[in-house]
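Here is the structure we will look at.
Order as written gives the chain letters A, B, C, D, E and F; numbering starts at 1 within each chain.
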Amino acid sequence: MQGIVEDALNEAGFETAIAPSAEDAVTLLKGKVMNYRAFVADINLRGRMTGWDVAKQARQIESEFPVVYMTGAAADDWASHGVPNSILLVKPFSPAQLVTAVSQLLNTATPNS
Amino acid sequence: MQGIVEDALNEAGFETAIAPSAEDAVTLLKGKVMNYRAFVADINLRGRMTGWDVAKQARQIESEFPVVYMTGAAADDWASHGVPNSILLVKPFSPAQLVTAVSQLLNTATPNS
Amino acid sequence: MQGIVEDALNEAGFETAIAPSAEDAVTLLKGKVMNYRAFVADINLRGRMTGWDVAKQARQIESEFPVVYMTGAAADDWASHGVPNSILLVKPFSPAQLVTAVSQLLNTATPNS
Amino acid sequence: MQGIVEDALNEAGFETAIAPSAEDAVTLLKGKVMNYRAFVADINLRGRMTGWDVAKQARQIESEFPVVYMTGAAADDWASHGVPNSILLVKPFSPAQLVTAVSQLLNTATPNS
Amino acid sequence: MQGIVEDALNEAGFETAIAPSAEDAVTLLKGKVMNYRAFVADINLRGRMTGWDVAKQARQIESEFPVVYMTGAAADDWASHGVPNSILLVKPFSPAQLVTAVSQLLNTATPNS
Amino acid sequence: MQGIVEDALNEAGFETAIAPSAEDAVTLLKGKVMNYRAFVADINLRGRMTGWDVAKQARQIESEFPVVYMTGAAADDWASHGVPNSILLVKPFSPAQLVTAVSQLLNTATPNS
């Protein structure tokens, strides 16, 4: 799964950084080592946090941060656990859906945020 | 505040039920005593739960339930604590903003949900 | 019902013309006696046509004509019988929902259409 | 035309099933042999039904089913014959427009529908 | 005209400040004497600037400032002279359209801007 | 930069015409040598006009013409200088963002405009 996501984003011209666990994702986002532009999250992650939790933390750092969730089993939970203005991709989805989701969110972000 | 909200909704033709605490709001929503159509929530509530918590519970009962939050101090938290497809009204707001918010959410809800 | 709809629209500042049957509605729209700006339609009408049929005819005359449907029983049919960019109000609805629906459609119509 | 559409969708990671006639398309959708996710329709089809008719039938089976129409001559008819929340592609269109249209509709569909 | 606009907004619960000329409107917006929340503009104004010009200046001060234009003759110009995410009301319009326009723009503004 | 934009659009199936200066872009759009479908504009152009100016002229010729701006330094100016219903791509952006932006605008354009 992770390889497919990475390939789809790279072929579309996005650079990707993979966090091995939820805690690492939060650390990366807080450290801003690179200038991250969007967060693509699996719901079930290694570690104690879910993708829902990481997205909330990302939004506390930057309130308009683009968020795309990918899930199979947990689709029903998006309406209660997802953040506003996020997109949910229900597995199985095509690479084009992922690329369009990220692009749509980046293209509607306000320019000076 | 509660009186203004109630008056604005009643004058617009909506019937309202007031929950004295967050826990009561959840009980009302679960009991479906009446057929509730939308949830208008203050963030700071009596009891241990916040408006963010009650909205999440409402969405777990019905995934497309319309949610409007009203807040003064906690506006920044909407991006991380709000549910998808909700509206945030930052105090002070006009009665018309509240009525428009509820109407917009009801009018875009899918008809057969 | 018709009186409530008329009152709500008139109080909001809209002038209304009531068609006694579906066929009359089509005749009024085609005749352009007044410059109609939007069509608010009940689904079950006197005559052989439904509100779905009249809306289709209105859109053939003017392709971006704002359309609001009001229905109790036929809500499920909107997804297959409604026209694009229309709004469905499921009965019972408040006067404010109707006024907001008409206003939203008028406000997003392109200015030079 | 059919080959270009199929190639564009396949390259984007979507699997496609081609219905040789409008009647076959309805049969396929009703049979749910595979789990169809969206309907991409030419307006002028073999058989007695048009693409408008097939889309209406698809929506009667599943009210939020994503629909994309492709047309050259019949573009004006979308406003009266199209279903709500559908997309019209006017020929000639690029493969990217088709892929984006399908992806947009899939990405905005509610997760638990 | 000005009286109708003022009455409609006041009845909806908004406080209004009237600028006697375009130049005064810019001065008021820059001075932030009160905390202005939205700008409702006629296109043809006293002084040398148009409503299009004042709106551009308002957006340079605050990039997400809600803007509603009101016009009779100049509707075609909105597509080239209007600012992004603004609403155009073509005269004659109802008080409800104006109130809905202002409310919609306020309700979709990001909370922490 | 120009080569990357051209490649991205061509690979997505769009034909492109490059205008060597702002004045040439206006001439091309007015001449309608080909049937242009969208305008992708850099802000800083050779000649005396900016991309903001050319887009305004394009919209005066055709009021719903799709416009995508690309900018690095001038992102803040979009809210005051951009035209309604345009998309701003802030550099650096990926080819997929550009293709999605153009496709989104083409797909939401009304069919009979």
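Convention: a contact is a pair of C-beta atoms (placed from the backbone, for glycine too) under 8 Å apart; a residue touches a chain by one contact, two chains touch by 3 or more.
None of the values given here were measured: they were computed from a predicted structure.
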| item | value |
| --- | --- |
| Longest centre-to-centre distance from subunit F, chain (CA-based) | B |
| Candidate from A-B, E-F or B-C with the same interface as C-E, over half of contact pairs in common | B-C |
| Rotational angle, Cα trace of subunit E fitted to subunit F, multiple of 5° | 180 |
| Same or different residue numbers at the subunit B/subunit C copy interface, by half rule | different |
| Separation of subunit D from subunit E, taking each centre as the mean of its C-alpha atoms, in whole Å | 41 |
| Where subunit C and subunit D are represented by their mean Cα positions, the distance between them in whole Å | 27 |
| Touching two or more other chains - residue numbers and ranges from subunit D | 63-64, 76, 78-79, 99-100, 104, 110-112 |
| List of subunit F residues in touch with subunit E within their complex | 56-57, 59-60, 63-64, 76, 78-86 |
| Residues of subunit B defined as touching subunit C within the complex | 12-14, 99-100, 102-104, 106-108, 110-112 |
| In the complex, subunit F residues that touch subunit A | 8, 75-76, 78-79, 87-90, 93-97, 99-101, 104 |
